[in-house]
Amino acid sequence: MIRAGVYGASGYIGGELLRLLLGHPDVEIVSAVSTTRARRRVDSVHPNLRGSTDLCFCAPEDIGDCDVIFTAVSPSVAMELVPQIAHRTRVLIDLSGGFRLRDRAEFTRYYGEHNCPELLGEFVTGRPETHRKELTEADRISVPGCMANAATLALHPLAAEGLIRPEVTIDGRVGSSGSGVTADIMNLHAERSGAMRVFKPQRHRHEAEVAQSTGLTVRMSATGVEAVRGVQTLIRVSAADGARLDDRELRRLYRDYYGGEPFVRIVAQKRGLYRLPEPKILIGSNYCDIGFSTDPEDGTAVLVAALDNLVKGGSGNAVQAMNIRFGLPETLGLGFPGLHPV
Amino acid sequence: MIRAGVYGASGYIGGELLRLLLGHPDVEIVSAVSTTRARRRVDSVHPNLRGSTDLCFCAPEDIGDCDVIFTAVSPSVAMELVPQIAHRTRVLIDLSGGFRLRDRAEFTRYYGEHNCPELLGEFVTGRPETHRKELTEADRISVPGCMANAATLALHPLAAEGLIRPEVTIDGRVGSSGSGVTADIMNLHAERSGAMRVFKPQRHRHEAEVAQSTGLTVRMSATGVEAVRGVQTLIRVSAADGARLDDRELRRLYRDYYGGEPFVRIVAQKRGLYRLPEPKILIGSNYCDIGFSTDPEDGTAVLVAALDNLVKGGSGNAVQAMNIRFGLPETLGLGFPGLHPV
Amino acid sequence: MIRAGVYGASGYIGGELLRLLLGHPDVEIVSAVSTTRARRRVDSVHPNLRGSTDLCFCAPEDIGDCDVIFTAVSPSVAMELVPQIAHRTRVLIDLSGGFRLRDRAEFTRYYGEHNCPELLGEFVTGRPETHRKELTEADRISVPGCMANAATLALHPLAAEGLIRPEVTIDGRVGSSGSGVTADIMNLHAERSGAMRVFKPQRHRHEAEVAQSTGLTVRMSATGVEAVRGVQTLIRVSAADGARLDDRELRRLYRDYYGGEPFVRIVAQKRGLYRLPEPKILIGSNYCDIGFSTDPEDGTAVLVAALDNLVKGGSGNAVQAMNIRFGLPETLGLGFPGLHPV
Amino acid sequence: MIRAGVYGASGYIGGELLRLLLGHPDVEIVSAVSTTRARRRVDSVHPNLRGSTDLCFCAPEDIGDCDVIFTAVSPSVAMELVPQIAHRTRVLIDLSGGFRLRDRAEFTRYYGEHNCPELLGEFVTGRPETHRKELTEADRISVPGCMANAATLALHPLAAEGLIRPEVTIDGRVGSSGSGVTADIMNLHAERSGAMRVFKPQRHRHEAEVAQSTGLTVRMSATGVEAVRGVQTLIRVSAADGARLDDRELRRLYRDYYGGEPFVRIVAQKRGLYRLPEPKILIGSNYCDIGFSTDPEDGTAVLVAALDNLVKGGSGNAVQAMNIRFGLPETLGLGFPGLHPV
């Protein structure tokens, strides 16, 4: 049994980590750390886990010895925490934004000054589809941001093959759970309900991640729409000189890259309600769905990628990376396929 | 021009008061009081009023002289405030729960100890359909609670005519705006979205108001459902001995009582999507819709009443009462009919 | 391996049956019957199953031999279908309303004339908590209606112990998936969104089921609220003469009856957001959560029960019954605990 | 009094036309035409109008003589209808897409063959902000599409001044009412609820309108998000050679163009929840809100425009055009400012 600890266990991504780890046959949760809820029952905060566990949250200082620690906290907390707890665990999987960028200047530009920039280079990106080999031996793993993961998975094959021009735009739409469990007026139901809130029209942090992963020049906006879970990115690309972007080519390309991936599905149908990726049927699942539309006349294409921001955009991706790191079947504990209708 | 002041103007009911008063041909807003937002523009909090006003909130001590003051604050604040500001205005219309109950013991039971119980008897209930005559001369008016108003309007004719047994149950459903603008975790979008939250299974405060207004024994539950605005009450009644509750009788009864009312509509159709009252088409309007279903076999009936909790359940009812008090046409400033679809 | 067939497989409950059976280690789906979608891929209708199956729907006449057939169709179709296919399978589990009532007169009253009333007596109610023993040998099983199941599970211990007066009222709230996949104007998003639609103020069909199961006199209303999945019933009861309904007593009683049940949870907390049962955290799970509130003064109590109408109110209950019938561990294939937040 | 007739009066835009015209002091509705609902009461379809009118729908052949006829029908119906009824009215205001494009080839490309292409040139675009002068004398007016209107109002000043490069991309998000009242499975609540549905990733029809109005090369995608009403367009532009796009410049430019416009508001604040345009607070109102964000480093900007698709994206714009055409104050009947919260 892998002994696992979770920091930030009373948050939304932390709660999903607990759900997935409780259902994982080879994992034992040693500690669910919460500074604000220490000693309260886990199911008092995550009521879906009633009957699944009698675990209580513990204070940070009471964490036990672990084989793997997940840190599902804010970037600023993570920068403080990671150096302190690094010795307590062989494998550390960070889900904050604190260690996603390797370049210090880029980090400063999007997040502000880093506490321990010397650690930035130690983390392997926790995206199995692009870093599977490194992950088998990684002791420090940084799980990508939700929108960054969706967009990178859609762009990676095109960028890697040099099929598109370097300038791309990404329009991200997200549900309210992405803001976390903070009781701020911006997250009030009466204000957030039915919103189409362009909270970051330019320079969203995740664009730096996509740029780092793909080598492209990325412009990303982010809009909150009515949903609790879910991320969708709509990406505009243009064919590089000499390249051709048509449906057949993209379908072939994605099949080459992702045909063997357990959690990437290509969804680009001619007809039907769900002919392009849509987050709502992915709720609770670890899938990232990728689709596309091409315009043969002018060489442009629109890519669409969707996932559950708390799962494939966070906890599920982290568990998949853990499975790889510990030599387990990659899909272990991640079998829930999502619901319809929902 | 009537000079009006609004306390609690940065809240949800306060904002609706400003909207209605800005659109009222005979009212000038002298002061929009907010302790937390003093000196900020009104439209920075109520963005729907952009272009309609350049007003800024003022601190409580800066309120000007008014012909009418509306207090849209919490019961505890109202109990402090009302005695302090009573001398500043001829007419005071309170929208808190602080002065709705006349009986001190009842008040204590549902709200706790009252600050100035001697004032409880001075307030006239601000429900035009049942207190129109008193309102023409009232200087202290207490606007009913949202669910209480809907339920009372539905029950009043039956209770007044002695057609039903004294024991009734009310199942109230409310949108999230009823919780006000407080940033509490219970109002977080991710928690409140899609909820069916029985936040008060028994002894909701509004049952005391309905009991006071109708003389009935009332048991009321309250459930938060997915909506920002809107209240619906489903009420179960039984025929009194010798009385008969059938569709024809109820239709006649309601027509007698409410046929001349500008803001009560009887909605009890055999067919159609909207055959019973539904709050969503009432959003922004001052209507209370009332419907019913009867069971000829066993003498029971179900009454359904709906309204916009911020309008007919608050600000609109207050403006209607003001119109009556100042001898204006009762519908002035209240012409918006609601939307479909929405 | 159990060979299973599903009629109505392109419907919402049918789709959930497919999801659960695909994830079930001891079941093989032989045929997914759909009259309207025959020969199309299952995942073209249920997009959440992409990557989980390559199955196509088949026409009714092409169904293969099965150990168990699930019929997830309308009552009128079920009445035609069941006699025709009875010989094709040892075990038939009907999820329509066509065989839930044992009494022909009651059936006629709520549904109209029955085609094959002689079969009504052959079906065992598919509620493991009350009929586990019979289910081990039942060849004809009728799965309860969604609201009926929630209400019956809440009422059963109280009724069985004679603790309550025979007259109870039930206020049911349901999401839109309960209406099925029919494209009718009443189910249009623009009309149904944000609704509080009292579509059946009195005499909802499910009241007959609850009456049959509990021996009580039941009055049930039904209201559609904003949700896709989910049922919640709010039930009012009064203590029988000499009985006492207080929190301690109800907690003890429910523990006695349901302490060993894998899919019933008692949720009645003093504090917290989810202190009473709420459907949204049950989406996709097979739980029925039951809670209560008591009024020591007057001997009344409010019971609250919630479940996912498509799972514990349909497909999940059916799979649980199948597990019992075939001697398998009862929770097999039903492990998904639900999500938070959602 | 202006005598008005409405075709398509049982549809969503038709219903909003009726609401606005009923509240208009200088208009009398002569006929509300509906082929499917003839002789039924208007308020049986539009329940918000209960108490506002006793009007019944009439069949097309029963339309009376009118000063103005509004045709709120599909493009294909409009192409048939307009030539037939042109003689019955001096002023015809078409709200379909049938007469929005002046170029026949463009029309064919986006809509298919036109029935009466010779009429395409006769229609004046019903956008007061850009065609006010022509509208004072126009007898044939074509009201812009909802997303096209929002995007054009945002782009027009920049394009007219030559400040941006000709290639722009538009990401449109729309509520479900844009699909009209058709009971199709794609509009089922259970399928459409919570959707992020990229129903047109490329070549949405409205891009042709924007191109026609601005002279730009437009690429438009359209995504259905969870909302009944509301359109938001997110537009990416780049500075033309020698031009500078910064906040000050854009603010000045929009003030120059729209400072006197009664229904265009510039919303581009540094802080606050509603710092960029958001449709939900515009529901029921005739406002189009326009905002922007600029990136001084690379010369790109993001424009955001929002409106209620049924009002400023349809009925309200039509009434505003009618007011201009008949020499009335332009805001008559259009005073509702929208709601908050909602």
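Just so it is clear, A, B, C and D label the chains in written order, and each chain counts residues from 1 on its own.
Criterion: a contact is a pair of C-beta atoms (placed from the backbone, for glycine too) under 8 Å apart; a residue touches a chain by one contact, two chains touch by 3 or more.
Keep in mind that this is a model prediction, so the values were computed, not measured.
Trainee: So which chain is farthest from chain C, going by the mean of the CA atoms in each chain?
Mentor: D
Trainee: Out of B-C and A-C, which chain pair has the most contact pairs?
Mentor: Higher contact count goes to B-C.
Trainee: What whole-number Å value describes the gap between the mean CA coordinates of chain C and chain D?
Mentor: 45
Trainee: Which integer distance in Å separates the CA centroid of chain A from that of chain C?
Mentor: 35
Trainee: Considering chain D alone, which of its residues make contact with at least two other chains?
Mentor: Where chain D meets two or more other chains at a single residue, that happens at 12, 177, 185, 190-191, 193-194, 228, 273, 278, 341-342.
Trainee: Sort out for me which residues of chain C touch chain D in the complex.
Mentor: That would be residues 12, 175-177, 179, 181, 183-185, 187-194, 228 of chain C.
Trainee: For the complex, give me every residue of chain A touching chain D.
Mentor: 169, 171, 173, 185-186, 190-191, 193-198, 201-203, 219, 221, 223, 225-227, 230, 232, 234, 236, 273, 276-280, 291-295, 300, 302, 304, 306, 341-342
Trainee: Spell out the residues on chain D that touch chain B in their complex, using ranges where they run on.
Mentor: Residue positions touching the partner: 12, 15-16, 19, 22-23, 44, 46-52, 177, 228-229, 265, 267, 269, 272-274, 278, 281-285, 287, 289, 335-342.
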